[in-house]
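What follows is a group of structures, each given as C-alpha cells.
Shared chain: chain A. Partners: chain B in the first complex, chain C in the second.
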Partner chain A sequence: MIMEEVEDPITKMIQPQQPYTGQIFQPTQTFTPTTPQPFYGNSFEDEPPLLEELGINFDHIWQKTLTVLHPLKVADGSIMNETDLAGPMVFCLAFGATLLLAGKIQFGYVYGISAIGCLGMFCLLNLMSMTGVSFGCVASVLGYCLLPMILLSSFAVIFSLQGMVGIILTAGIIGWCSFSASKIFISALAMEGQQLLVAYPCALLYGVFALISVF
Partner chain B sequence: MHPAGSAAGTPRQRKWPSKRRIPVSHLGMADPHQLFDDTSSAQSQGYGAQRGPSGLGYPTASASPQAAFLADPVSNMAMAYGSSLAAQGKELVDKNIDRFIPVTKLKYYFAVDTLYVGKKLGLLFFPYLHQDWEVQYQQDTPVAPRFDVNAPDLYIPAMAFITYVLVAGLALGTQDRFSPDLLGLQASSALAWLTLEVLAILLSLYLVTVNTDLTTIDLVAFLGYKYVGMIGGILMGLLFGKIGYYLVLGWCCMSIFVFMIRTLRLKILAEAAAEGVPVRGARNQLRMYLTMAVAAAQPLLMYWLTFHLVR
Partner chain C sequence: MATTATPAGGSRNGTGPEWGGFEENIQGGGSAVIDMENMDDTSGSSFEDMGELHQRLREEEVDADAAAAEEEDGEFLGMKGFKGQLSRQVADQMWQAGKRQASRAFSLYANIDILRPYFDVEPAQVRSRLLESMIPIKMVNFPQKIAGELYGPLMLVFTLVAILLHGMKTSDTIIREGTLMGTAIGTCFGYWLGVSSFIYFLAYLCNAQITMLQMLALLGYGLFGHCIVLLITYNIHLHALFYLFWLLVGGLSTLRMVAVLVSRTVGPTQRLLLCGTLAALHMLFLLYLHFAYHKVVEGILDTLEGPNIPPMQRVPRDIPAVLPAARLPATVLNTTVKAVEVTLRSH
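Then we have the complex of A and B:
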C-alpha cells in the first residue's frame, strides 16, 4: 500500500533526512476511518500491471523458450533467477493433450513421472553443485525443456514411432531435451566439467517420457 | 498501535487516529515523538512515480494506509502467517534433515566430473592394468573424487541403480511382461538386496574386529558399482540374446571381482601393515577371507538380479 507524504516545510526541518523522495503531494484529504474502502477503490491506478504482479514476464518466457529451442545457443545464467512455473505447466498440459490426440489418456503418468523426476534432479543437483538450487528452479527448467518432447508426441499422432526412423527420431529428441536442460543448469549453477553428468539423468527422465509417447 | 511498533511492521499496519492526521500533514513521520524514522514506505517508492500524475482527484488515496489496514487486515495477517509458517516448515526440514542424512558428507561423494566418471567406468570394465589403487590424502581427509580416480563416489552407483531399474523395465517390456508396478517391484527388490549386503558386511567387519576407515557410505558406493556390469549384461542380452548376455556378464563379473579385491584389500588389510603390529597369521587370514567373500558375493548377486530378465 502506498503512503502519501505531505511535504511540510516545518516538519522537514524537524526531520533531518528525507526517506520519502518522490512521494506525491496531497493537499486535501478527507479521512473517514469508519468506512472500509473496497480494495480496488483504494489504489486501482497505483498498482503495478497485473502481469508484473503475477510474476509472468512474457519476455523472459520467450527468452527461455528460445534457449531451449536453439541447442547450440549459449545460455544466460541469470534467466533462471525467477522461477516461473506458468510456462512449464502449459508445456506439460500440451504434452498430455498431444498424447490424448494419439489416444493415450496418461495424464496421471505424466504428472507422476514429472514429480518424481523433478524431486530426483533436485536432490542430485543440490548434492552436486556448490550453490544449492531451489525446487521451483529445477521444475521450471525441466518443464521448459519438455518442449521438444511435445514435437515428438505430436509426430506420434500421425506416424507410428516403432520403426527405425522412429527410434532415431526419439533418440535425437531425447538428446536435444537433455542437452538444453543440462546447458541451462550448468550456466545457472556455474558447474564446470559436469555437463554430461547432468545431462545423463535428464536423458533418463526424458527417456521415460519418450517411452510413454512411443508405446 | 504504538508508532515505533508500527514503523517496524508492514506499511499497512498503521493506525493513526484522525485527530493526529489533520494538524500534522505528512504521513509516515507524523509523530514527532517517533523514536526512529519510518522507512517502511521505501517499499512503495517504485509506486510513487506511477502515482504522481494520478494522485490528485483521489479522495481515498490518502486514507490508504489507514483504510487499507482496515480493509485488508485479514489478508495481510494471513499472508504474514502463511509465509512465516512456510519459513518455519523449511527451517524444520533443514534442521532435521542433517540428523538423518549427512548432507555435507554426501556432497563429497558427488563432487565428480565427467573425466572422473569416464575413467572410473573404464576401471570397472578393465581393472587389470591399473597399478596404484591407493586413495590420495590431503591433510587427513581423502581428496574429492574429482581429483583421484581411486576415491569412491556415489554418482555412478546412484545413476547405475536407476538405469538398472529402467533397463529392467525395458527388458520386461520387450517380453510383454511389463506393467508400471513391476518397475517398483524391481527397484525395491534391488534396494533390499543392497541393504542386506551392506548390513551383512558391516556385521562381519564388526565380528572380525577390523579397524578400518571404511565408512558405511563408502561401502554402499563400492557395492553399487556392480550395477554397471549388470546394465551392460542386460543390454547385450537384449541385443544379442543369451550368448551375448553370458559373455558380457562373465566379463563384468571377473572385472568387478578383481576391482573389489584390489580396492578392499587396501581398506581392510592395510591397517595391519600400517599399524606395525606383528602380523598374527590367523587374524590376517580371516581378513583375507572376508575380502574374498565380499568380492565373490558380487558376481553371484549380479547373476541373481539379472537372469530372470533375459530370456
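Then we have the complex of A and C:
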C-alpha cells in the first residue's frame, strides 16, 4: 500500500480517503514468496517438446529426402528457407557407416571433404547468384543430396566397383546427386539457365566422395 | 578513447580528431568507394592513415607493456588494485582498436564481391570457349580477344585435380609427406597461379598487352587439353598413344595460347622469349603429370597375373579388350572376398 501511495500519486489523488497506515522509514516487505510447486509445474508444462526445441522436424526432413530421391520432381524453392543440419549429419554418418562395413575407416575424410566442399560451393554460389546464400543452406542442400551416394557405398560392401558395371553405376549416382543438388539450388536462388554451371562443381564434389567409396 | 588512454598516451591527443574524422569518412559500411567530397583535407591517402594507426597502436602497445611493468612494481608495493584495473582497461582498448581495424581491413580488401563480374557466364559461352581453346587462330597482326572470366579456368583446374586424384588412386600412389588430395590441389593450383604470374611478369618485361586476369583465363582454358589427354591416358596405358596425344592435343592448346600472346607482343626477341617459355612450361607440365602419377600401374598389373611373374616390368602393356570368362567372378567380388578366397585356397 505504501508503494502504491508513494509511486502512484494519481491513484492517491483519486482515492484521497485512504488512511495512511504504512511505515515510511521501515522497509516494507515487497517480496511475497509464492509456493514453488505451481511455478515449476507451469514452466514444465509450458516448455516446448524436445524435438521442436532442437529444431528437428521429421516431416520436413522426409519432404526434403523425397525431393532428393525423385530427380524429376520439381523442387519447391521455399523448402530450403530453414537451415536443417540434422538430416545432413545423419546422412554423413550413414555414409561413413557404410564405408566402415566395407572395411574403410574414413569418417575423417568424409567430414573434411564435406566441410571444404561446402565452403567452396558457398563461395561459388555467392559469386554466381544475384541474391546471396547462407552457409547453412548450402551445407543442408549438399548434405541431403549425399543420399544416393549412400546407396553406392552400400553396393560397394558386397560388389567391387572397379569393373565396367561399377564405373557406369558410379557415373549414374554422381549424375543423380549433382542433378538433385543443382535443381534445388536453382529453384532456391532463382538462377535460371545456369543449372549446368551449378551442377558441374557439385559433380566434382560428389566425384571425390565416389572416389572414397570406390577405392 | 583519448580520455581513458591519457595516462598512457597523453601526448597523442593531436591524432584523436583525425582518427575520428577518418572514421566518419567511411560510408556505406566498409565499401571500397570513398566519397571524395566528404574527405578531410588533412588526411592523405588511406594508406597514410592506416600507417598512422599502426604507429599509434604500436606506441600504445609499448605503453601498455610499460604499464604492465609498472603494474608489477605496483603489486610489489601493494598498489595492485588501481594499476591492475588501469592496465586491463588499456589492454581492452587496444584489443578493441585492433579488432575494429582488422574487421575494417577485412571488409575492405577481402570482399569477395570484387570477383563477382568474372563469374557471370552462360553455359553456352563456357562451351564455346572450351572448344575455341583447342583451335589456334593464325591472325597475329592485331590483338586477339581473351575472355576475362574465371569460372571456366577454375572449373578446369578442379577437374584436373579430380583426374589427378583418380590417376593416383588407380595406380595406388602413396604420398609419404602429405595427402593425395593436398598434393593434387597443390600441383594444379600451383601450376595455374604460379605459371600465370611468371608469364605475366615476363609479359611485363617484354611489353606485351595482357593483364593478369587475361593471363589466368588463357592458361586456365589451356588446361582443357591437359584434362583430355590425362583422362584418356590414365585409363589406356600405352606410351605411344600418350606421345601422340601429347603432341597433338597438348600442341594444339599450346599453339592457341602462343598465337594469342604473339598477337599481343611486338618484336621478335620478345615474342620468342615469351612464347618459348610458355610452350616449354605447358608441354613439360603435361609430361610431368603423366609420368609422375601412373608408372606404378605396370608393376601391379603384372603381379595380379600370378605368383611366377618378376616384380617390375617396364614394358608397355596392352589391356585385354575382353576379359576371359573364367576370371570374371574374381574381378566382380571386392578385395576382401578375394583375400578370403586366397587364404582358403592356400590352406
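One rule holds for everything that comes next: the second predicted complex is superposed on the first by the 173 of 215 C-alpha atoms of A that agree within 3 Å, B and C clash if a C-alpha of one lies under 4 Å from a C-alpha of the other, contacts with A are read in each partner's own complex, and residues count from 1 in each chain.
The rule we apply is simple: a contact is a pair of C-beta atoms (placed from the backbone, for glycine too) under 8 Å apart; a residue touches a chain by one contact, two chains touch by 3 or more.
Not measured: the values here are computed from a predicted model.
In the superposed model, A:103 lies in contact with chain C only, and not with chain B.
By the touch criterion stated above, A:159 is placed in contact with chain C alone, chain B being left untouched.
Touch counts on chain A: comparing chain C and chain B, the chain ahead is B. Judged by the touch definition given at the top, the superposed model places A:201 against both chain B and chain C. By the touch criterion stated above, A:45 is placed in contact with chain B alone, chain C being left untouched.
By the touch criterion defined above, A:59 reaches neither chain B nor chain C. Comparing the two complexes, residues 124, 127-128, 193-194, 196-197, 200-201, 204, 207-208, 211, 215 of chain A contact chain B in one case and chain C in the other.
Remark: chain B residues 11-12, 14, 17-18, 21-22, 24-29, 32, 37-42, 44-52, 54-56, 58-68, 70-72, 103, 106-107, 109-115, 117, 155, 158-159, 162-163, 166, 170, 173, 180 touch chain A in the complex.
Per the touch definition, chain C reaches chain A in the complex via residues 112-113, 115-116, 119-123, 126, 151, 155, 158-159, 162, 165-166, 169-170, 181, 331-336.
Against chain C, the residues of chain A that register as touching in their complex are 102-103, 113, 123-124, 126-128, 156-163, 165, 193-194, 196-197, 200-201, 204, 207-208, 211, 214-215.
Touching chain B in their complex are the following residues of chain A: 1-8, 11, 14-15, 17, 19-26, 29-33, 35-39, 41-43, 45-48, 109, 120, 124, 127-128, 192-197, 200-201, 204, 207-208, 211, 215.
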